[in-house]
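What follows is a pair of complexes built around subunit A, which joins subunit B in one and subunit C in the other.
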Partner chain A sequence: MKTESPLIRFGLAIYLVLFFTYLLGPLVLMGITAFNSASFPQVTPWEVFSFEWFTTLFNDKRILSGIGNSLIVGFFTVILSVAMGLAGALMLTQIWPKLRATFYTVIIAPILIPGVVLGISTLVFWDRVNIMLGLSDDSFLRNGIFLTVLGQATFISSYCMLVFVARLQRYDLGLTEAALDLGATHVQAFRKIQLPFLMPAVGSAAVLAFLASFENYNTTTFTFQDYPTLTIELAQKVRYGIDPSVSALAFIIVVITVFFALLNEVKTRRAQLAIANGAPVGAVSGSFKMPGFFSGNPAAVVLTLFVAVVVGTIAYSQFYDPEPAKAVLLKEKRAAQQLRIKALQERVRLQRLEKKLKGPDIFGSGNSKVPQPPSKSASPFGNVFAPTNLEKAAGTNKDEKKPAPKKPGTSAFGNVFAPTNLEKAAPKE
Partner chain B sequence: MSSGVGVDLQDMWIKFGDFVAVREANVNIKGGEFFSFLGPSGCGKTTILRAVSGFLEPSDGKVLIGGNDMAGKGPNERPTALIFQNLALFPLMKVWENITFSMEVRGASADERRKRADELLDMIALSGQGDKLPSELSGGQKQRVAIARALCAQPDVLLLDEPLSALDLKLRQHMRTELREIQKRVGITFIYITHDQGEALTMSDSVAVMKAGIIDQISDGKSIYDDPATAFVASFVGENNVFRGKISKIIDGQAIIDTNRTGLLRGRVSSMAQGKLSVGDDAMMFIRPEALDISEEKSASDTRIIANVRHSEFEGQSYNVFMEGSAGKEMKMALTNRGETRLYDADVELTLGYDANQAVIVPAGELASE
Partner chain C sequence: MNGFMKEYFRRNGMLLGWTLLFLVGFWVIMLIILPQISMLDFSFRNHLPPPEMGGPKDTYTLVNYKFLIFGAQGNEDGYNKVDLLVFLRTLIAAAFVTILDLLICYPIAYYLGQSKGGGYIRILVLLLIIPYWINEILRAFAFRIIFGDSGVINEFLMLFSIIDSPIDFIRANIALYAGLSYAYILLMIFPMYNVIESLDRNQIEAARDMGASWYMIHKRVVIPFAKPGISSGCTMVFMLSAGALAAPQILGGPSSLWFTQLIYQWFNQGGNWPQGSAYAVVLLLTCIVIVLSVMRIFKVNMGDIGK
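Moving on, here comes the complex of A and B:
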């Protein structure tokens, strides 16, 4: 097809760039902010490359316990959802055909019900059960993990069922019949024939269930009780202002995701290669043969590079010290500040002089332009976050802060961010 | 050879809702016999097999295996093994695991199974291929693995559902002989399903011909071919020239039929139709293409037909001559190739003769389509 005009192809390219920017842009930006020493997640006034937010993250007890709770909840949700989803899907294939559509609708309904409703109803339902059984207030029916797992599994098991239904549609029931015919019991036929066939679907359903559980907020927010999961902790944290340790967490999650995506790709490609070469898959997927591993498999190369970069970065972070660079930056900032103060003082002096000489000032507005600081790192927005930087520096700078807010014409953003920054800084002290 | 276990179907009906898939089947299959069900697609062959193997309960009537009523017994409790129309080899198991699956579910050790698998692999001429997956085998090899898997279960009755339909002609012919040989060797009862009449005739001791759920005739292959019971059997098994008409005279086992377009013709009344036909009844007479020949006599009689050649074709062992008789009656004649050139030009007028005993008269009935 050479009839495609260059214009269309150009347009398509633009579209793709926009599309991927829209999809991945926020993730990339967030990942970058994790390495900026600035205390607000930001990219543009780049301060100093630093791993400090990762340290902050790993020292945040609440985040860590949130991850722990998320993992526990995820584990049990996976088990429950996969089991229920599998049972539902099998039921769907066995049930009387006329009932099938109804059964399907019923079982798919939890996906369509808002998570909030599921959360509240889970809470209310088990509370009632608890009362009916006459159990104490701290019985396991009121346990946060128990409730969260059940609440999440109500709709996650429907996802799992969809995965199983898709796989089961490709299952030849003749295989089960063949097994029965050869003397197997129904259980044996299921365990030895049908279940192995469903195994890939069990894998994908488990991954899907875990991810859905890990990222769930709506339902969990009603059921977590004493066991806040990661999403709950993050939401609570963000309520008091955001800092780049959240970016650091996001970055880690992205890295893990990319790793598994690449790993999966490598496996798929190897299987394809094996089939293309006519070799049995089983024979190839046994061991890692170095030359064979890479041959004709770009995904494997990318994966190896990726792992190398991650390992390298972690190793680098062990001895990398951002402090000297920070000190330099601080110095520059202070110098810039001094310059600005001097300029201001000069202008005030001039104004006073002019006032003395003439009456009203005609060029006043023009003069209000502050001379740009010479330093490279002090960007045009340098003074936007100035209050934060000053805060960090030391108490002595506090009196120097005063002139800054006095210049309303300098920057449109200056005033907007200043209060936030001050507020955030406050609890630290 | 009659050591095997017989299968009897007694007044068996199978219905799916209002639809009758099998109507009043009465079949006696002797132990150790190679029995075939032959019929067009959708006539209920697989349904009968599923009833024998236990996947379906008959709506009415009985299935007996070795004289025992099988009602209420599941497929894993019957001494049958079924070779499925699509083979249904387990795709995730190796060939040897497939073959010995029946031993695995009975708890045999891996060593035992491996040993038995090797024996069976030798038998089906696939030695050393036990570690392959089914997807790595050719069609004919899969076929043989399916047979070995069924035989490994040591069934009394082996049920085969069109196992050769997916194979090409050469392999099919080869597998026919092989199956027949295996059957002779193991001596168990084979129930074989096919819509290929050549297959049924070459392999079977007995053939049941089915039409839309009804069994029309059960006989050995030669009788099915030479002495069909119904118009359907005559037209479904092999090729035939059909002459419709009314019976005008009955003499001993023979009859004169007043055909619509070809005048009075003589034929033999099918043994199944003896006594059922009387003068004036609608009837059909069937003459096989190979039963027609060029007559020395040039005049028409009750065993001679005059026709014009339309076209001829050479088919290796024979010539096929397509002709048109009076009032456009189409006929086909097959002449054995004996070396002389016998391709007839169009429009040559021929007088065809036949032996009245090779023309079969049956009551008028539905013909096989095609």
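Moving on, here comes the complex of A and C:
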């Protein structure tokens, strides 16, 4: 990259910034909306910093039961997928060479089949089996958890299979042969030799399977029956009216994700450091020494800071009270409303004035008493501040008592959120 | 075949051999093949109430496929224009999303693949993966916050008086395209990244020494080499966006349906399973045909998918 011209490097820098803004910006903004007390998830206008949406979230029974169902489904899906994925990968290494390509196509296909199709086919097939076996309508074959686990495992097993295939490529079959020659049974050789070698792959396949199961929507939406998972509940919530408690949930998930990502990074780096220093991994990772933990491992520093911030925020949320700040905001809103009403009154008065001045010439005197409704798009202060208007207005004060019509809808508070007002509205500690 | 089975059990033993066979058999037959066949079979049947299933009326018919093409019986129009249009639009939009993702992701895959690693690159990769761990629904939700009437973009544009009234990004489907390309970025980057990483830097150096321009290096050296990764990424993104359901439901405009939404309606609102199955079969077959022909054109093997 060093030989590139400065122009290309500059372009690359801009591209990287744009790319990561696109990638992370939505998540950051969503996280911010979780702390805005406004009842619609929004960053602007900013109302008051508050934790109330987290409280709402933790009191939402449907979300909580959704999490419960997701965990149950995830648990069984992980077991089934890891087992089938491993079996598929082992079979792939042994199968009759002529069949191998076909077999690979069949077990990789679920990744490419649309999730919707997998959900439908699972539902239809087990419904058929149910009818064929003459079971009742509420038999276990129609149970939402059973169907969801099978539907998800169909394609998640393929992901797991890919993970195992990658690991198996580095496995020396001679090891199993040696164990067998030394008198181990096949099961023993598998359990003591091959499985320990595959253990890291089992771990990553399980994590992958759980994540895929937890966030699956397309397949689950056809199979969940009476057991909506978290994703289904979220989708219902998002489709029919949204509120920032969804943002709060997203924020929690992002925090958990970042935590585990950092944790993983710390572990990897420590292992690398250990190898670089010539020490076995266990020697370094076994003992927890404060200075050693941080030395040359920026990820560890970031992780510690991150945990400190999260714990601090949670502690802060326990005694933070947004009410005073909210009261201030309410006051400001009222003040702004007053201002707005006054401005409207002024404008209506001016309009009448104008009418009066022009009226007799064009429409005759009869029209002059009808006030024109304020137009929606015009600025609320209209042309109050135009110098000519002031001069005109100076003389007459007759119509001042006429109440101005309130503007409909949310736009009535429009100007409250001008940048200067934001500073005023910020919580004062 | 017999010898193969003997060899198989000699290598694995009885218990382990049968366990493997059972697991693989269950997966391949009960989860992959039979459900698909059963869906295909179901799509050729009449829509009947449960008691009449298996009765004399339960015969094979083409009525469900006819409905997709010609519409309801007695339809004077000739063709089921509404559904066919949705179908066509879904495919075109999915192709559009795929191309968009390819354009967005190629530079970053090249940059990551050709840089020499190190902490900085590791952090970039970490940042790439984090959004992928967030729920699909939540990602779509984030885009709805951004593109809504009082979303960040509209508020921002109005603050600087670039526009007077909010732009309806949702109705214009901009939110949908942005959300879909966002959802599958990672699936595009990683296959390309893996291939480009294995490209010898000396090849690029050599091309540059011989006077090849920046454009020619990519056209003649990098892209031909990265072709398996590119087509693998494109296949996955195309299939997934054509089969997406959550993003169109959340981000789609009121007047533009996604084909999967039609299927969803037949199942969950219409209650007409055979009709929904027929639509699902059409979607599946079309996707397979498109992917296979693209693979044929670019001369890529099935084995390259999923690497």
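Note that in this section the second predicted complex is superposed on the first by the 353 of 429 C-alpha atoms of A that agree within 3 Å, B and C clash if a C-alpha of one lies under 4 Å from a C-alpha of the other, contacts with A are read in each partner's own complex, and residues count from 1 in each chain.
As a working rule, a contact is a pair of C-beta atoms (placed from the backbone, for glycine too) under 8 Å apart; a residue touches a chain by one contact, two chains touch by 3 or more.
The structure displayed is predicted, hence computed values, not measured ones.
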Which of the two, subunit B or subunit C, is in touch with more residues of subunit A?
C
Contacts for A:Lys192 in the overlay, against subunit B (first) and subunit C (second): which applies, first, second, both or neither?
first
First (subunit B), second (subunit C), both or neither touched by A:Val310:
neither
Which holds for A:Gly183: it touches subunit B only (first), subunit C only (second), both, or neither?
first
With both complexes superposed on chain A, which partner does A:Ile67 reach: first (subunit B), second (subunit C), both or neither?
neither
Who does A:Gly174 touch here: subunit B (first), subunit C (second), both, or neither?
first
Name the contact category of A:Leu16: first (subunit B only), second (subunit C only), both, or neither.
second
May I ask you to decide whether A:Glu265 touches subunit B, subunit C, both, or neither, giving the answer as first, second, both or neither?
second
Both partners, subunit B and subunit C, contact subunit A at residues 185
For the subunit A and subunit B complex, residues of the former touching the latter
172, 174-175, 177-185, 188, 192-193, 196-197, 280, 282
Subunit A contact footprint on subunit C (complex, rising order):
1, 4, 8, 11-17, 19-20, 23-24, 26-28, 31-36, 38-39, 42, 50, 53-54, 104, 107-108, 111, 114-115, 119, 122, 124, 126-131, 133-146, 148, 150-152, 155-156, 159, 164-165, 182, 185, 208, 214, 235-236, 239-240, 242-246, 249-250, 260, 263-264, 267-268, 273, 276-277, 280, 283-284, 287-288, 291, 302-303, 305-306
Can you list the residues on subunit A that touch subunit C in the complex?
1, 3-4, 8, 12, 15-16, 19-20, 22-27, 29-30, 33, 40-45, 83-84, 86-88, 90-91, 94, 96, 101, 103-118, 120-126, 128, 131, 150, 153-154, 157-158, 162, 185-187, 190, 211, 214-215, 217-218, 221-222, 230-231, 234-235, 238-239, 242, 246-247, 249-250, 253-254, 257-258, 261, 265, 298, 377, 410
Along subunit B, where are the residues that touch subunit A in the complex?
53-55, 74-76, 80-82, 84, 86, 88, 90-92, 101-102, 104-106, 132-133, 136, 149-150, 153
